[in-house]
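Heads up, the next two complexes both have chain A, just with different partners, chain B and then chain C.
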Partner chain A sequence: MRKMLLVWLLLSLLSLCLAGCYNRLELDDSVGVTGFGLDVEGEQKVFLVQVTSPSGKPEGGQTAKVDTLVLKEKAAGYAQAARQITLSFPRTPVWSLATTILLGEQLAREDLALVMDFVSRNRFIRPNMLLFLTAGTTPEEVMQLKTPPENHSLVALEKIIRGQQNYAEIYLPVTLREFRTKYATPGVEPVLPQVRIEENAGEKTLRIHGVAVFRERRLVGELDEIESRGLRFLDAGEMRGGLVTVNLSGNRQSGPLEEMVSMEIIRSRARCTPLINEDGSIEMLIDIEADGNLYEQTTTENLQTTENLPRLEQLTAAAIKEDAMACIKKAQLLGSDIFGWGEIISRKHPAVWRQLEADWPAHFSNLKVRAEARYSIRRAYLLDGPVPIKN
Partner chain B sequence: MTRLTNIQLFCILVITMVPTPYQVLAKLLAVTVAQHGWLAILGSILPGFILVWAYYYILVNSSRPFPGLLEEHCGTVTGKILGFIYIWVFYLVAVKSLVIFANFFLSNVLPGMPISILLIFIILPAFYALRKGLEASVRTVELITITGYPLAMLLLFFGLGPETDWSRLLPLGGFAVADLFYGILLVSTYSSFMIVVLTLGPFCHQPGNLWKWMFSAYGLFLLSTLVIAAIPIVTYGSALTSVQTFPAFNIARSTNIAGFIHNIEIILVSAVITGVFGVLAIFWFVTCYSIQQVFGLQDYRIMVGPTAIMAGILAVLLVPNIHFMYIMLERIFPWIFITLFGLLPLLLALVIRLKRPKDLQPGMMAGNN
Partner chain C sequence: MRYINRKPASPNQGRQSSTKSEDPVQAKTALKQSELSEKLDDNLNTLKQLLENCSDAVTRELLIGAEASLKAAVLYFDGLIDRKEIEQHLLRPLVYLKTIPGLLTEDNQSSFIEQLSQQLLPVGELKTLSTFEAVCDHITAGDTVLLIDGYKQGIAVGSRSWQTRSIDAPENESTIFGPKEGFTETLRFSTAQLRRRLKCTDLKIEAMSMGRISKTTVVVCYVEDIAPQSLVAEIRRRLKSIDIDAVLDTAYLEEYLSDDRFSILAQVEYTERPDRICGHLLEGRVAILADGSPMAMVVPTSFPQFLNSGEDYYQNFIVSSLMRLGRLTALFIALLLPSVYVAVVTYHHEMIPLSLYLTLVAARQGVPFPAAVEALMLEVTFELLREAGLRLPRAIGPAVSIVGALIIGDAAVQAGLVGTPMVVVVAFTGIASFVTPSYNAGLMIRVIRFGMLLLAATLGFFGIIMGLLLLAIRMASLSSLGQPYLAPLAPLNRAQLSDILLRRPWSLTSQRPYREGMKNQPRQKLPENREGS
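So, the complex of A and B:
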């Protein structure tokens, strides 16, 4: 009898599960979120969300047209603003689908602490979301922008930064997890890729342009394209891909066009070692090692000779070093240790770090740097020499 | 008498020691010793080995399972008093596992779920397993260990992203020795959960080989805690790890396999649920079995019902909020558990060693004579 009672009790309880998930959300009541925008306006925090809005059922084999909808709310807190959206929007946003967060320039200049708790504590905000800073524009303008063939600008943005990783190889995508770790760790400052709106022939387009540099919770400056490439070379992890253009004349910027050679980077890795001199001063030794392929040449000279290959290797190594040094110089100028050298010193020389920590930005700006770059050519794709010219 | 295979006992030991540290140890160590959690784990090896020796020594020199063996070695009155205290501490571990799980689930998965419903869903299967007898509970625990444990550990590795930096475990210096010792104490707290072997060891088929399985379980515990403590540090750094409520869950949230498998932390939740079931079922069984031993009851199963209701109520009342839970986990529970599961058994082993005549061979184990 007791056994029957227990079975009945179990079955009754299990029958509760038949109704479906506890926090189920019907498709018709929900809407997909592609990303958020976070900014400040005066004393108010601005929360924006880009949602997908199906604008009608497809007919006769057509695919459904999907519109972008940007919802905006202001409140004293981001969580408050996000919840206020439900006061004017009939569907429940599925926050966990979001992949991108846009930080407004105003917010970044004011204080990152305004937003860090919200993006770290909230369980709907995933640690592998991508972060961007809107430079010279606002998150709202970026979210509203049409970016064909993509329906949503934030999806486009994600694809752009991932795509350039395979081809242009200038910017490193930054996830919330990485940004948060650098924000909270002494001896390293976070960076973010910047997104701008550019106008070409009356048409507005999105472009990733430069890297935003932070110091002590605030935006302090930016790296241009060359410096951003340098930042990539200085990353401690193994970097794959990239293209460096060198000029046989030695002048990279304005050398003759017919002497331009494009060298592909297959992989590169930087090692940064702090050296404590006898007088107590610190020097950073940077060793960048890269290898790659000859990708494009305009000169008719055969570069794939025993004499020319080392020359090309030297020119490429010099170009890599130049980009890296440009980045270091800019970071030192801004007083922002975006390379995590302070963190490296704290691990290798904790006693020294304890002396430097309090005034690290100033020490970082005056740090002596000795950089070396090595580049090895491996292959040259389909040609073993220049294309022959008749007569 | 129910008989357990050695592999079943190994699974029981793993499941009693690993799930709770999986949820909270990374944070506790980050708060106490920053990035040196791994050092505290390495430092806990020797105390752990001593504990394993003490448990094994007590086992082979006793003829009754724990806590009955306390009466055998300490006299009836002292044995009964100690046994009574142990009943409450075993029960506390069972309730504590419920509290941690409830906070874990309500913080990360379904914040709006009524805690009573959640507790019922955990207590009810454990209640059923215990009512069915030790064999049913142990068989379930065996399956949980084989399926849930690898999954939970694997998810931690999948959560490692490109920004993972193993050098975050350094530098070695710069910590207070007292903090390191406290870290060792925290880790040893969880290895001392192996005390259940004193109750369950006598049910084993081959008690002679028991020490091998105890050492294997302890080895796996060490390896697991190293992974549990190190991965959040190399991913987030010690500063961020110390402010996260459940660092392992945050690692699993970042899982991205080949760019298209993500949002799979619910798998971790299911692994944790089964792990918590294991801890609860084993410590609950040991509680009821201890009640039977101390009060001379015929069957431990009559205590399963009343203790089930009490466990649910206590789990709600034990801590008012997650902040207080971490205070308990950091400052109160370690001292209780290390005293009763570590120091007292060690003392008991020494007493047995001193009292035993030199020419006498180790005695027969309970259930084996």
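So, the complex of A and C:
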């Protein structure tokens, strides 16, 4: 009896080994996926995948040449289309290597719900993948684009959005997890950085330009670069870089060229507080606090004086406020609460939120906003004043 | 009883024919155990039977005493004795006896043997013997035996001296700092090296003879009061219980001193460095040395001990600590690198960064075997190369390394049989496996590595984790002479931890590692003002 039990135990344990190799995949039967694109064409769902294909062995210390292939399949569903790829392609794609998802503009205008299940349910799709919207172009075009020195346009895209964070800092990368949360949470709408193809002297290049704004399940509009910067200023997360250009004349757009000053942002954080007035109306108080350095000046005037420094600080603060207000205005115009104010209200004043919830986009559009920005200059790098000029 | 069958059945029927035994083996045993008789001729006849066909046995008969009236014989084995010593201090006094007849008178004849040993023979070691067995034991060990007509006793004279290797630096455990002496095959020189380092009567060197044929002297060394009495008693008990025909190396005793004889895990430590042995003795361990082997065995062992090198204690403690951490890393690399690589490459592609993935795919392009087979092939090749290089005559050595490096390393890749990354992985693993200072621990890691590789090839990371778990469970349940194998990691002893992963500076080491039954715990008296720090 005991022996039989042991034999059964052994057999069941051994059968575990049989299950072991089922997902075995040798490297040379696999192909690396840099990312994929999702779009619609009429009633058909379009699934695109950019794969890397090493052409030839590495020789004499050189790394292997790598080609980019874009595979495209259409079907009634994305999963179906993805599996159809194996009908025409000999290797198994390693989905989990992919880092980027491109959403087609057409799809975004129709309905996000078409893809949200696919990207959330599938175990090969990582929640930390980056999402982009292709604006004025299709995912296929972006994938096919040559982006030297990078071999794959999607890898280039990922590096661009991460790289700009340290210098220009206009756009925030959006991960699938974040997008999904905002998609599902009441009182906040998702945004996506947009990727465009620009043509300069016959050369097509990739450029991140603008932020796509969604309302509920659909794309409703976009923010331009200044508004995107405003959005970045309003984000609760701390900001690490970026330049704000101010003009001593006070006119940023068309002030005299020799009065331009570039101020660097090294720290910035925003606080949004809802204020319920006595009459029941809601007002959002925005408080932006930033630190930075004097980075460049075109005037020969000495700006590092006790009179000029506070002036510069005020000018910069005003510019920051201006960008933020531009963004808020656009969002209110589109009726999309991309800042998550609804969520803030629901947390701080749940009773008030319950009344507003049903018609929140309309309330959001009419919300009164009071913004305030402060900026302090910390350093001015290598110069104590302007570069001296020969008399 | 294997050895007995090999003896030719000789029809020797000596004085002891009265035993009426038909079995020549039993007859011989009886012959050996019988007492020496008073008649020298009878004694010599018996010994001649026992020493039949021993061409290196020498029997020198001589006449001593007044008017050369007394017959005597000197027996020894050629090559095991110092001839000059025997001529000077045994033969010469005996020959002089002839010219000093006054010394030998009838009345004190009864104590002539006593007289000889107490007054007349100027040698260091003397012993009176009464059985043939004792005679045989002494002459085979290198002593010279003197038999005199009319006396039932023989005299054994210590004359052991043979050609030995001189003491030189231990080849397998060379160090930069620290003493350069190693043990040699002659036990007495080895124990002398220990005594020279621990000049104290508390250092006990208990001897016992082991092996029915080899009659090897085995010594158990420990420092009284530091080594727990119960531990020494247990070792003594286990050694005494061994009944084996020969002990040709200390390693013969390893299994008997291991708590689990069938385990792959190394349960004793070997070293040929007297300074390392002394270090172990001072931590309450026990060393066992056998004549004819330069390797000393240390018990009880715990696993972390295998990662320590004797040199750690001769260097700056910061450097030594980093070295120990490095060795720990190397241990894991040696154990897991090929399996992790195979698991990642066959199951967990998402673990590889894209650029590395591309390199790996390009390198594996056209390789005909699965990664697991590729790894196994190269691992086996590496082990074979190592094994071949180990025993090669020096003149052929370079040839093997060239063949190994060129054919295996380069040509296999060129021919597309294996991928370059696998060669790198296996080479790195090979290097890491030589970092472990203890050779037998390194061997055990090598063997376990193959098991890990199979697990990784079938179950991926899941398999590796299962393998590690099994290994950890096995190690934690093992003991070495009653001491936990993973001490002080499990059971955890915080005070000792700092001397396992790191090397604690001496100024902070006031206690010996804890061992049950140890009486002498304090290692040094720290100055008052430093006690608290």
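We adopt the following convention: the second predicted complex is superposed on the first by the 365 of 391 C-alpha atoms of A that agree within 3 Å, B and C clash if a C-alpha of one lies under 4 Å from a C-alpha of the other, contacts with A are read in each partner's own complex, and residues count from 1 in each chain.
Note that a residue touches a chain if its C-beta (ideal position, glycine included) is under 8 Å from a C-beta of that chain, and two chains touch if they have at least 3 such contacts.
In this text, all values refer to a predicted model and were calculated from it rather than measured experimentally.
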Partner chain(s) touched by A:378 [first = chain B, second = chain C, both, neither]: neither
First (chain B), second (chain C), both or neither touched by A:28: second
Partner chain in contact with A:13 - chain B first, chain C second, else both or neither: first
Partner chain(s) touched by A:52 [first = chain B, second = chain C, both, neither]: second
Chain B versus chain C as contact partner of A:128, first or second or both or neither: first
Touched partner set for A:271, first chain B, second chain C, both or neither: neither
Touching partner for A:368 - first (chain B), second (chain C), both, neither: neither
Which of chain B and chain C A:155 touches, first, second, both or neither: second
Partner chain in contact with A:94 - chain B first, chain C second, else both or neither: second
Shared contact residues on chain A - chain B and chain C: 23, 96, 126
Partner chain B, residues of chain A touching it in the complex: 6, 10, 13, 22-23, 96, 123, 126-128, 175, 177-178, 180-181, 184-186, 236-237, 344, 346-348, 350-351, 354
Parts of chain B lying in touch with chain A, wherever the complex brings them together: 107-108, 110-113, 120, 124, 128, 131, 161-163, 165, 167, 170-171, 173-174, 235-237, 239-240, 250, 253-254, 256, 262-263
Chain A to chain C touching residues, read off their complex: 17, 20-21, 23-28, 30-32, 34, 52, 54, 56-58, 63-64, 66, 94, 96-97, 99, 126, 155
Sites on chain C touched by chain A in the complex: 345-347, 349-350, 352, 354, 357-367, 370-371, 458-460, 462-463
